[in-house]
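Multiple structures follow.
Two complexes are shown next, each including chain A; its partner changes from chain B in the first to chain C in the second.
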Partner chain A sequence: MNTRSLFPERGPAFWGTGFTALIASGTIFILFVSLVIESVPVFKTQGVSFLWGTDWFAGEAYGALPMIFGSLMVTAIAVVLVFPFALGSAILTSEFLNGRLRLMVKAAMELLAGVPGIIYGLMGIALLTIWVRDVFGLIDGNTLFTAGLLLAVMVLPTVMTLSEDALRAVPGEFRDTALSLGLTRMEMVLKVVVPQALPGLAGAVFLGLGRAMGETIAVMLVIGGIDRIPQPWFNLFASGQSIPSKIGREAAEALGFDLQWSALIALGLVLFVMVMALSLAGNLLLRRAR
Partner chain B sequence: MNRRLFKERTLLIALYSLTVFGCLVLAVILATVITRGGPALSGTFLFEEARNFGLEGGILYQIAGTLILMTGAALVCLPVALGSVLFQTEFLHSPPLKKIFRLLIYSLNAVPTIIFGLIGYLFFGVFLEAGVSWVTGVLILAVMILPTLHVSIHEAVESIPDHYREAGLALGLSPGQQMRAVVLPQSLHGIITGTLLGLARAAGETAAIMFTATAFSGVRLPQSWTEPVTTLQTHILVLAQEAANPIALTNAWGAGLVLLTLVFILITATLWIRSGLEMEAER
Partner chain C sequence: MPGRFSKKLILGMALILLGVGISIQIWPGGGFHVLAQDSAVIRVAGSTTVLPIVSRAAERFQADHPAIKITVNAGGSGVGVHGAGTRRLDIGLASREITPKENDRYASLHTTVIGRDAVACVVSSEIFRSGVHALSRKQIGDIYLGKITNWRQVGGPDRQIIVIDKETHRGTRHVFMRYLFGKSNARAPGARLVTGSNNEEQAKIAQSDAAIGLLSIAWINDDVVGIGIREGRRVIKPTLENVRSGRFPIARNLNLVTAGEPNDVVGRFVDYMLSPKGQELVQASGYIPIHSPQAVSKVAGSHSK
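Let's turn to the complex of A and B:
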């Protein structure tokens, strides 16, 4: 197939828009390639042990494992906490509410999605860390759990809105058939609509996970900022560190070209790969649902 | 039958309480920011510059910095987003290519903002030699909000009825004329809502600009291309880390209230335009 049949007309409009389209679609590759190139120095000096080293001392050793662990942990906490709320409100909005109420819930979610991360961070540092400390009787409220809790609130609108889309994408005939068989509305929802929308719901969760994993500023302020894996590892009420939080804390001092900068970029690469995997899986599942 | 009815009712109540709880979160955030930030607000707070590391004075230049960065980002982003949407809808006819293009834009949307900061600094700060400056910040934010604008404009263009285009084709319009006469005017609402959402996203972003575009104290309006600005977001960030000092915290909440108001005005405007369109469509 020659390109002329793909793009029959080639006026200035074609070249102009084509150029901007190239920028828009090429950016993601530029990001990936830059991350790879800039992280070469640290992989050269440390080898792949960068990925499972547990010590990070700027200038001496760079080990990413505590940050990788922290990221996975806070993301897991967030998704466990947010799922019942997101699914519950998505089911209610899509299947039981109509007209004004539905619009109101949707508008609330849009506003919630727009609250800047730094506001969540401020609420976290001024209120949430103190609540967590007092409620669970801790010495320090800056824990993995606090960060997970904050992230759960932050990704609620994402997971809820996408779940609602997935539920509404189930064709009306399925509902009519279920009702005509004598199921109640709730039985219809739980036994027909939700199972049908399952891939879409999974997609919503994956995209929510991706959002949570990349969130920087709010997590940075409440996670404690200590580069270690808690003892024992499932201790949620210990301080930790996530990848974006680590980058956010050290990027300003490492700005430039030494090994610490390269190590931070390598952390960014690890984060990028994990988030892209989640996002691709999520988008494919959502596409299947439609 | 009664047991089924009971189960139905209980589950419905459970769903309502989960939803109400979710919406309460928004109310709690609003109430907290207003009650804690309200006392800080005053004429001097809004219209004076910060002194003594944000403990005295106001946030005039922080507000200006946030406005500069978000407006600049939207201005840079809009032509690129518009062009790439038009290319996708007017010239890209093969379905697999369209799919790939969409997937690339969605992937860009998922990229953590801190990565835009890291790589953006390398490109704009180091290679373009803009350094830590407002220009670097504007360019980074422009790339970051590109998917937001793209998706919104794309939706609007896709929803133009086919017969509008057919009318244009029947008149013998070239693709360029078709864009100007049919596509752009008919997707204006998408362009506006997309830009507003992009502005809101740029105003709320901290991670991508905190080490690439901003400085904390002693900064006014930038006088050259390579000077940093100070913004509401980074101002709150620094003050929040001195949470033990009640004055710092009050001023952080005050700046937070201003930022939240700005973002919510933008989002409410988007929702308002959209709901107006929906009503028009129902008529």
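Let's turn to the complex of A and C:
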């Protein structure tokens, strides 16, 4: 192929914008490549057992499984808790509210989405851990469940507004046809609009999960910080550790050298891949919805 | 249209390039030091035990020397030692000794002792009130190993023990584990929670009604009570008196770590810490000054609420 047909315009505007675009899109590659390079030493010494080792003790052993498990667990808890509320409020705003009221609810949600993680973290450590302890009669409230609950609150606005967009994207004819066939409003929503919007709703959840998985400070303050898989593994009310929380706690000490640093970078790589997969899935599903 | 457009663009690009150029210029010179030629910056970080002393001292020192700026951050003793070793910090704070491994890695590390402190075993106030006023070394060890799991086993209420450990690089943990198990990086399989700074540890113990933890004595207060160490029939309470006399077994030095002998502005700040004014701040922070002609009768607890 002739390069001229690829880049028809080659004035200063082309070179200028091309340069900025290269920097912008190159960042992700540089990031990924440096994560891979920096994590080589730990994979060299530990092999892939890094991924399923259960013991992490700086200077002795680096096993990532408790952190991977913790990240998946809190994210799963968050999605189970957030989905009913996000879907419910999305259906309300999309199908039953109109005009100003709808915009007000959306605006409130979008404001909520911008609240910094540390604010949630402070609320979490001051209130949520105590509530969880007292409501469930636990001996201590710093648990995987607490972290999942906090994340659910944090990603609610993201999941809700994206779900609402997905529902709105279902063409009006579907609604009109359903109603003219004699379906009630409720049946119309549940049997026609929601199934039509399903890929978009799934996309919304995936993108929310991506945010939940990467959240650091709020989780760090309430998860308990112990690198251990609960016994039995489905015990939600035990303490645990997530990948970002682990990195947050150890990075400053390990900065720049040693196997510990490499192990932390490798943890980051695992997180990076997991979050990328989630956002990719979410974006694909959202695109299919449109 | 394209002509006018591209002129603005070129201006924009030029500005971006200028920005990139300037940052590259600054890079090899070591950050923004290049820009701050006549006003010196002292970068300090590390142990949250030493931190309260140094941040007070930094405030006073800066007031006396407006041209010198001091930044003080937390992070833990490990962060302090490595920061000083890699020269990311001018002064690292450490509430433990430098390990042989660290000495191998950074040949030139130099420590200046500015005060003495002790690590106390602390419990939630409910536990203290229920009658657990002292534990032996063996009992505390067994709690951290997970062999003792209920307060009933050591004379307290029938309640599971919430064992709070600290991040492995924290100086307080090094000192405490060395006392319990003879090994500063011993593991604690009985732990339920892991915390970082003294503040975080203090908050988590205060929130609980069944917790045990390890804390610098200056952080002891009404909610987080330091218990005595039982040795045979004797009970040694974690008081400054007992630390000074050497009776309390878990004592330690508070260190400023520098790469080589401190000199220039860093040296002046270290000298200030050792001067009567600096030593007064050590005492005011709840620790024991090392140059202290007068007897100090104050009990622990100056970071209490």
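Following the convention adopted for this analysis, the second predicted complex is superposed on the first by the 290 of 290 C-alpha atoms of A that agree within 3 Å, B and C clash if a C-alpha of one lies under 4 Å from a C-alpha of the other, contacts with A are read in each partner's own complex, and residues count from 1 in each chain.
In the analysis below, a residue touches a chain if its C-beta (ideal position, glycine included) is under 8 Å from a C-beta of that chain, and two chains touch if they have at least 3 such contacts.
Just so it is clear, the model here is predicted, and its values are computed rather than measured.
A.B. asks: Going by the contact rule set out at the top, does A:P12 touch chain B (first), chain C (second), both, or neither?
C.D. replies: A:P12 sits against chain B and chain C alike.
A.B. asks: Residues of chain A touched by chain B versus by chain C: which partner has the larger set?
C.D. replies: Of chain B and chain C, B contacts more residues of chain A.
A.B. asks: Just to be sure I read the superposition right, which of the two partners does A:A58 touch: chain B = first, chain C = second, or both, or neither?
C.D. replies: second
A.B. asks: By the touch definition at the top of the document, which applies to A:I226: first (chain B), second (chain C), both, or neither?
C.D. replies: second
A.B. asks: A:R185 in the overlay: touching chain B, chain C, both, or neither? Say first, second, both or neither.
C.D. replies: The first partner, chain B, only.
A.B. asks: Could you look at A:G214 and tell me whether it touches chain B, chain C, both or neither (first, second, both, neither)?
C.D. replies: In the superposition, A:G214 contacts chain B only.
A.B. asks: Does chain B (first) or chain C (second) touch A:L198, or do both, or does neither?
C.D. replies: After superposition on chain A, A:L198 lies in contact with neither partner.
A.B. asks: Of the two partner chains, chain B (first) and chain C (second), which one does A:T20 touch, if any: first, second, both, or neither?
C.D. replies: both
A.B. asks: With both complexes overlaid on chain A, does A:N142 touch chain B (first), chain C (second), both or neither?
C.D. replies: Touch status of A:N142: second partner only.
A.B. asks: State whether A:V80 touches chain B only (first), chain C only (second), both chains, or neither.
C.D. replies: Once the two structures are laid over each other on A, A:V80 reaches no partner at all.
A.B. asks: Under the contact definition given at the top, report the residues of chain A touching chain B in one complex and chain C in the other.
C.D. replies: Residues 11-13, 16-17, 19-20, 125, 252, 255, which sit in both footprints.
A.B. asks: Chain A touches which residues of chain C in the complex?
C.D. replies: Residues 2, 5-6, 9-10, 12-13, 16, 75-76, 78-79, 82, 86, 88, 101, 105, 159-160, 162, 165, 167-169, 185, 187, 191-196, 203-204, 207-208, 210-211.
A.B. asks: Within their complex, state which residues of chain B touch chain A.
C.D. replies: So the residues of chain B in touch with chain A come to 4-5, 7-8, 11-12, 14-16, 18-19, 21-23, 25-26, 29, 32-33, 36, 79-84, 86-88, 90-94, 97, 101, 103-108, 110-119, 121-123, 132, 143, 146, 150, 174-176, 179, 200-201, 203-207, 210-211, 233, 236-237, 240-241, 243, 249, 252-253, 256, 259-260, 263-264, 266-268, 270-271, 275.
A.B. asks: Residue numbers of chain A touching chain C in their complex, please.
C.D. replies: On the chain A side, the touching residues are 11-13, 16-17, 19-20, 57-60, 125, 129-130, 139-142, 224-227, 239, 249-250, 252-253, 255-257.
A.B. asks: Quick one: in the complex, what on chain A touches chain B?
C.D. replies: Counting only chain A, the residues touching chain B are 6-7, 9, 11-14, 16-21, 23-25, 27-28, 30-31, 34-35, 38, 84-86, 88-89, 91-93, 96, 103, 105, 107-112, 114-119, 121-123, 125-127, 153, 156, 160, 184-187, 190, 207, 210-211, 213-217, 221, 244, 247-248, 251-252, 255, 264-265, 268, 271-272, 275-276, 278-280, 283.
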